[in-house]
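After the structure tokens below, expect a handful of questions from me.
Here the chain labels run A, B and C in written order, and each chain numbers its own residues starting at 1.
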Amino acid sequence: MIHPSAIVSPHARLGANVSVGPFTIIHDNVEIGDHSVIDGYCEIGYPTPLADGLPLVIGAGARIRSHSVFYAGSRFGDKLVTGHRVVVREKTVAGVAFQIGTMNDIQGDCEIGDYVRCQSNVFIGKMSKVGNFVWLLPYVVLTNDPHPPSNVLVGATIGDYAAIAAMSVILPGVKVGERALVAAHSKVHRDVEPHTVVAGNPARYLCDASKIRLKDGSDQSAYPWTRHFHRGYPADVVAGWNTP
Amino acid sequence: MIHPSAIVSPHARLGANVSVGPFTIIHDNVEIGDHSVIDGYCEIGYPTPLADGLPLVIGAGARIRSHSVFYAGSRFGDKLVTGHRVVVREKTVAGVAFQIGTMNDIQGDCEIGDYVRCQSNVFIGKMSKVGNFVWLLPYVVLTNDPHPPSNVLVGATIGDYAAIAAMSVILPGVKVGERALVAAHSKVHRDVEPHTVVAGNPARYLCDASKIRLKDGSDQSAYPWTRHFHRGYPADVVAGWNTP
Amino acid sequence: MIHPSAIVSPHARLGANVSVGPFTIIHDNVEIGDHSVIDGYCEIGYPTPLADGLPLVIGAGARIRSHSVFYAGSRFGDKLVTGHRVVVREKTVAGVAFQIGTMNDIQGDCEIGDYVRCQSNVFIGKMSKVGNFVWLLPYVVLTNDPHPPSNVLVGATIGDYAAIAAMSVILPGVKVGERALVAAHSKVHRDVEPHTVVAGNPARYLCDASKIRLKDGSDQSAYPWTRHFHRGYPADVVAGWNTP
């Protein structure tokens, strides 16, 4: 279960049936839930004074893929899943079933809801707030400094069920409303109303999200996406969705 | 040839004169061609049920740089070259002399031609089709979901000899014609005609590619690039180019 | 100090009190200054014929985080700090206190001044010139090929104290003047005057940098940033700033 080449601190608290891959390092101040699987080349509980002595807590049933780095001081609900070589820094708190894509870079002091799914190469800057059931697609960047460099850090806020498409940047302090869609390659400098679509550089209102048709031959609306897309969500969670 | 710290499955089929670096893991269902060199910290043949039991097949003369991950179920022609920390997932098929840049993330179910060159941080989404002699520059993203999240995946198609410049996003289902040029930081939402240049967000027709002059003091046209750029291509391949 | 799993060449020249983490490889042609700390999974002094036999020289007091790769032939002043999994290639020369963010990819033949700070996922193409006290924010890309692919490589030049915000691309040969600000998600195809702000795709002049107000409740100007932001710079360096 623990590969002989892994370096696991005797102070780390590993649950039942936790698997640790080759060449992985687990530091002292770490708590990992039952039945979690950690691949090779990971560094879990990377020490930093910014963690203020807080442990890294990973819930049960986690799956952490190779070459990933988690700092001390963050906390994740059950069923965390990651791609390869993610970094998550200190004092970030995430809910259940967080999916972190390959090469995501999640800074410290973020609040992340339940069932958030990030695809590859997402960057979540310090102080960001991400709601529940949010989708961040490849190369999305949430920024936080309105006039770099400065000591004024204001994170972005992403509402429940919102989706932000590839290579979009959300500027500091911007609120993306719930169930909104940000089209690919947008620069979002103003708040986005709930249920709307914005696009462009700078991003402008395009239409109500419900106007977008599913490109599957049906005449259905593509939004709210909770009507047609359930893959990977537990049945009881889907049953609880209050899809408008 | 095999570093003593490497973990190589006895079931992996390694050709003659294959070199495996320190701390690298080679899984069971892997076939690597003669004279290949694999650096340290790589994980080759990462198991996934999505591979349907297919092996990872890497042709002869491959050079795979450090911290890279290849899933089971993909297949590469001879002379594969990678930068550091690439990921390639299952059921992608690529031709000869594929060059994968540092931190590329190549999803599953892609078709990639011969002599394709990707620079750093390229993302190729599932179901993409990339022709022969294509160039993808840093931070190019090929997307596939027209209204995320959904189950409708339509990959982009990139024609032979096309070049896509840095930080451009190709939207789902878009076809970039052969020998076309997409300027840097473009969002391409419509098909691009062969031999043309598009630029902007959204990308618009700029000119015929032949109008672009080489910035080398000559009065030559920069396109088709096959007229002036041959670096790294074998002489018989260049001789076979049907440059218009 | 040297972890027993590390592989350190007997020819590498390590200063006093250098720490080398688990599973790290240090090659032959490497010189590392006193009191430097190198994390795990790094490959330091990666050999390449392009280094022309030059060593990798890292000054005193360096801190190199996990999974990083430094090629032979580059040279860094004292107090280098990196995030995780950076790559720096051959023949790049950087001044003191260079901060390289997580997943930066710094190509060869670059000139980098003193106290440059790069955040995550910055890409610095071959032949770039970066001044002193420059800030490059997440996903900034400095390009070099005006008509890819070609053999004409002209790097960008970034002036002292300039700041380039997230996801901006600087096109080949462009000069960003000193103390200029490039707004997020810009495509910069023309030179940027000193002390000005540009934004957009393509980037256009927006205002004089001094017109931007600090969003901290004060009525101060945010630029020159050297007036209000000193974090991490030594007092004698700040005292030497000739802030206009």
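By our rule, contacts are C-beta pairs under 8 Å (C-beta built on N, C-alpha and C of every residue); 3 or more make two chains touch, one makes a residue touch a chain.
Computed from a prediction, not measured in an experiment: that's the story for all the values here.
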{"item": "Graph class of chain-chain contacts, one of line, ring, star, complete, other", "value": "complete"}
{"item": "Rigid-body rotation angle, subunit B and subunit A, from Cα fit (steps of 5°)", "value": "120"}
{"item": "CA centroid of subunit A to CA centroid of subunit C, Å", "value": "27"}
{"item": "Sites on subunit A at which at least two other chains make contact", "value": "5, 23, 41, 67, 85, 103, 121, 139, 167, 201"}
{"item": "Residues of subunit A touching subunit C in the complex", "value": "5, 7, 23, 25, 41, 43, 46, 67, 69, 85, 87, 103, 105, 121, 123, 125, 139, 141, 143, 145-152, 154, 167, 169, 171, 187, 201-202"}
{"item": "Sites on subunit C touched by subunit A in the complex", "value": "5, 22-23, 39-41, 66-67, 83-85, 102-103, 117, 120-121, 135, 137-139, 163, 165-167, 181, 184-185, 200-201, 212, 214-216, 222-223, 225, 228-229, 231"}
